[in-house]
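These notes concern the structure reproduced below.
In this document, chain identifiers A, B, C and D correspond to the written order of the chains, with residue numbering beginning at 1 in each.
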Amino acid sequence: MNITVTVNGKRYQRDVEPRTLLAYFLRESLGLTGTHVGCDTSSCGCCVVVFDGDRAVKSCTAFAVQADGHEITTVEGLAQGGKLHPLQQAFWDCHGLQCGFCTPGMLMTSYALLSHETNPDEAQIREALAGNLCRCTGYQNIVKAVQQAAGEMHAPASAPQPEPVAS
Amino acid sequence: MSTTIEPEAEKHAMGVRMKRKEDPRFIQGRGRYLDDIVLPGMLYLALVHSPYPHAKIVKIDKSSALAVDGVVAVLTGEDLAAHGLAWIPTFHGYDKQMVLCVGKALYQYQEVAGVIATSREAAVDGAELVDVEYDPLDPVVDPFAAREDKIILRDDRENKTNHIYHWEVGKRAETDAALAASDVHVKERIVFQRCHPAPLEPCGAIADMNPATGRLTLYMTSQAPHAHRTVVSLVTGIPEDKIHVVSPDIGGGFGNKVPVYAGYVVAAAASVVLGIPVKWVETRTENLTCTGFARDYHMDVEIGASKDGAVTALKVTTVADHGAFDAAADPTKYPAGLFGIVTGSYDFANAFTELDAYFTNKAPGGIAYRCSFRVTEASFAIERGMELLARKLNMDPAELRLKNFVKKEQFPYPSPLGFVYDSGDYHMTLRKALDMIGYDDLRKEQAEKRARGELMGIGISTFTEAVGAGPSKHFDIMGIKMFDSAEIRVHPTGSAILRAGTKSQGQGHETTWAQIAAEELGLDPQNIMVEEGDTDTAPYGLGTYASRSTPTAGAAIAMASRKIRERARKIAAHLLEAAEDDVEWVDYKFRVKGVPENTVTMQEVAFAAYTNPAPNTEPGLEATFYYDPPNLTFPYGAYIAVVDVDRETGFVKVRRFLAIDDCGTVINPMVVEGQIHGGLTEGFAIAFMQEIRYDENGNNLNTNFTEYLVPTSLETPHWETSNTITPSPHHPIGAKGVGESPNVGSPAAFVNAVMDALAPLGVTHVDMPLTREKIWRACRQAATA
Amino acid sequence: MFPAPFDYHRAGSVDEVLALLAKYGGDARILAGGQSLIPAMRFRLARPTVLVDINGIGDLSYVRETDGVLAVGALARDAELERMERLASAYPLLADTSAVVADPVVRQSGTVVGSLCHNDPAGDWAVTALAGRASIVVRGANGTRTVAIDDFLVDSFATTVAEGEMAIEVRFPTPPARTWGSYQKIERKVGDFATASAAARVTLAENGTIASSGVAIGAAGPTAQRVKDAELILNGAKPTKELVRAAADAARKLADPAADTRGSVEFKKDMAGVLVGRALTTALERLGVEGLR
Amino acid sequence: MNLEYSGRERIAAGRETVWAFINDPAKIAGCMPDVIESHVVDEHTFDAVVQVAVGPVRGKFKFHVVLIPQPGGEHMDLKISGGGFGSVVDLVAGADISVQSDSTVLDWKGTATMRGPLAAVGGRVLDAQAKRVITTTFANVKAQLNSAPAGAA
């Protein structure tokens, strides 16, 4: 079946078998291997990508054909213009990753969360991330990172600076 | 409240909270894990598994599978036998294991056949159609039933028994006598359940036999690439120079990626036969059902003590369930690993432990899951035992521990079971923990709550580990000594490449190894590239598991750096126009004694090493060091858990958890904290939810993440951490290793806390995992008793 | 773990779905959120030869409140309900439920109607639908029918939706004044099916007695079930600790769970009671009733 | 995973008739629900392919059924082994026949043992299905005997 998908702003036209899972389509047809597969039961969330800017989807539990006509964001699409996304920066700053395998999914779930919640507290973040498993970090630094990123992203971008005092 | 670990003195690169150098690629989705590697023309392998735990293989019909579009080949145990690959040796060399079933299936999900096809989907389509006729046999699921030898599982072995080995250490007669003479005596059967490391990245391999060069490249999720190269060579007869093992980025290991699995071997055999690369990536079900499990120790723990609480004797008798093959990952001379650490942090005059291991119709393994070879089981046994003793004595568990700790001045402390503990100040560390958590106030609160009928518990675990295997006089794996190595090359402009025989799986070696070298060499850690996992380039080492990397490779890095420094001193002397003996290394620079302003930096020396070497000296600046540790290291800690128990539903709320760790010198406090958070979370999971259970028919009941429960951010408690620093006296930088301490020490703290909460009901012991139902049942039985 | 091959059709309207279902019969399955179906297909437990994807039918993706009914379309996802502020104040039972179905990422795909049609005995929405007296709108070749939830749930994984039909909406009556509800679930961890679950809804009369109630339990039989005896005990009575206990005991008695890795029959039966008690207590306390603990 | 089922059918036919019926593999095969094809192997044995359809789970199970009549004509054992979805199901059932007033009573109970992925991931699905297969089979035995003209069997 022929599908047209926009991934990280780029349009792709591909012929896929209906049974091709979205995760493998992204990884193998498009070469975007940042999206990982860690289980067979929609449990681990390593494969989370974002549909249409705000919906986190486990791409191992969706078929590639379902992405036809949609805009998908994967971890590779977070950094813009050579600059890390605030979430990426925060995960790095806060030691929010160890082996890195769950990280893309964590980032994308957080990305979808922050599209709905501008200033989530610790409890909200812990709740929102509960569909993503991590075996390394114990989540604490991930939660910290999401909080930092939220602050960064939603800080008033052009807050009035104090006037320079004439000397 | 969380206290951060701060370096004790200003250092150049050691003890610094340096952000990780490996992270930029991971946060941008540019890591390179096994399944990310695609080779041209690559085929895919899918495995066929036995639904029976014990059955004769009557017939395997490949024809339907071979008829599937895209299926290239189907391999069975008999096909492998033709290549001498039907069986491979297990980790420590005592036993062998089937690659694919030969004659019999010995556990449910055992690999029966492999289907190789042009796509993943076609391989699975084919696997579904391999028609295997089984003749079911009665399974033996319980190790105590296996002991009866009514059904012999392994008819391939000379001895027709399910008993694998007996192991013991210590003084039996003296211990029995001391136990008999003790005023107070506790005894309990404590089971450390079968669990599984379940790293998020499954295991996998790509075998690429190049028929033109005769060279086999094996990309593997390997925690020990060199050891695997040697094993592959020994098993296949392919010369070791013709084998290239590459372990790419690894998505967590925790011991799971130490053994050699069927998929690796079948992929390799297929590639050798076909001359085409073959990829195998296991499913989560395969990971949980076929690859190395951990624990499954059934321990009878006995402690004797005087009336005032001074311990006199410890005896632990264990039955170990090893599954269908003795594939336990232990050093060859230590079939029960370092279980001898079971006397823990306490000064026992008499101790004895013995263990008998049995085959059952379960998956093989017994790997060191975030654990230094059975140290977790031992720590759990002693820490639960001490809690039971405190209860029996009606003594505060903290007080009992303080009374019996090995004292600071006793180090180096020879333990009754044969270790020499390197360093520690157990009193200081526990006191810090009690202080930080506000122990006295918590006990007051508990008393008030108990008066109201509420169940609150405080649990302590003050464990000691033995890690860093190990000294070559004791530790080897199939004869290969357990040293580790480092090679450092300083480039002309003062940057460097550092290679080690270890292999990070998330521990952050690219950062911490650079920090050690940078500290020793005065270089910028950002410009020391660390490379591991490629057997063509890295020096030989035994890999990363059992908290051995820092004690062995970490030491090798320091020693290789010092070798470079010694060479550099000659060049510095040349540059400073001074005698070599007059040149000293101070503040990360060379200077002439008595002339502190006359200095050269390591960068300047490096440049000179290539552009202006001293006369009659070898150009270049590099060194290799193979470090054979003189002893193990003995990290320790004091953990305190505070829980509230809902007696109606059995729900346990971990209200607080404080971990004070002492891993000696800290390389990167941020990384250490991260390791502790992660290890505590795994300990929490084991204490409350994780188990690989088999039913009475030998069915594995926990075959994927809907049943093998990994806690999420919502269940996981908030961790409080801090540390004390007691450097290892024998390690070049005083570091001890830390990755496993929290997983070793925490289960007992959780269980002790829950048992403390249930104390008013008279409950003394419940085996892990402490599920709601078990707690509910304990509360209910107490209520009706 | 890869599904067996199948043909894929994207429907643009309900009529198109019905036409496709008529054409392919029992070999076709509707793909909505896919959060139960796709994992089953990956394990090849499910192997439909045709999937009819309804995700393109934009006008099924609604949650709207009109004429005393909250209507939830077949494509409304759990997370959309979870995020609706109106739910928390007016439909607390639904708000509770929407926050504990599966896990937060699965909820961004999973649909309420899909969950009801799947009718897993340990699913959440059927319990809430029973306590909330929901009904389901089903369309087929012969037109549209509205089925009360009690009649909708037939057996494990079976509903009255016949071959060739499609459930297009679930309707929850708007709770009257002085009504509160609560959904209680015991799960081993987030993402797990319920070990036990209970939903309760109570409306107080002016005089403080219980005017009406809805009580249901899940994971305690082939399908979720209403605890009618509990409702009988509650209706018309003055809410007391003893009354709540009696209602909880009715749930214990009715519960007929299967033992599995989540727990034994004995444990699950008791939890059915505990959770009914807690759900009632939560709802009643919210309505100002005291002395229940 | 072991699943246990039991039931009782009261049949308006004589003991001999019931006994003869349940000794006939072709007749028992005809009572199993959703049989796609069946094949009588010998006087006590038949193979059947059953269509399984519970919720999203659809597939075929192959069953090998052995009838083991016990001397005395009062007890029948059934051994059913089968598989599908890469999994194995063994079902051991027993039926006692007794006469109570003017009907014959069939008391049956069975234990199903599941092995393989289905036992692990399809527990809830399978339980319902196994129960349905076995209860429907015995219910059909009753239905067929009740609808048969007296003495015809």
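We take it that contacts are C-beta pairs under 8 Å (C-beta built on N, C-alpha and C of every residue); 3 or more make two chains touch, one makes a residue touch a chain.
No experiment lies behind these values; they were computed from the predicted model shown.
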item	value
Contact-richer chain pair [B-C vs A-C]	A-C
Centre-of-Cα separation between chain C and chain B, whole angstrom	43
Distance between the centres, which are taken as Cα means, of chain C and chain A, whole angstrom	30
For chain A paired with chain B, centre-to-centre distance based on mean C-alpha positions, whole Å	30
Chain B-chain D separation of Cα centroids, rounded to whole Å	50
Chain B, residues touching no fewer than two other chains	120-121, 128, 283-285, 701-702, 704, 706-707, 710, 712, 714
Multi-chain contact residues (two or more partners), chain D	86, 117, 121
Residues of chain A engaged with two or more neighbouring chains	17, 19, 40-41, 43, 127, 129-132
Chain-to-chain touches, reported pairwise for every pair that qualifies	A-B, A-C, B-C, B-D, C-D
Residues of chain B defined as touching chain D within the complex	49, 51-53, 108, 128, 285, 695-704, 706-707
Residue numbers on chain A that touch chain C, as the complex places them	1, 17-19, 21, 40-43, 45, 48, 55-58, 60-63, 65-66, 68, 109, 112, 116, 127-132
Contacting residues of chain C [partner chain A, same complex]	1-8, 10, 31, 34-35, 38-39, 41-43, 51, 53, 55, 79, 83, 99, 102-109, 190-191
Touch list for chain D against partner chain C, complex	53-59, 85-86, 117-118, 121-125, 127-128
Contacting residues of chain B [partner chain C, same complex]	120-121, 124-125, 128, 283-285, 648-649, 651, 689, 693, 701-702, 706-707, 709-712, 714-715, 771-773, 776-777
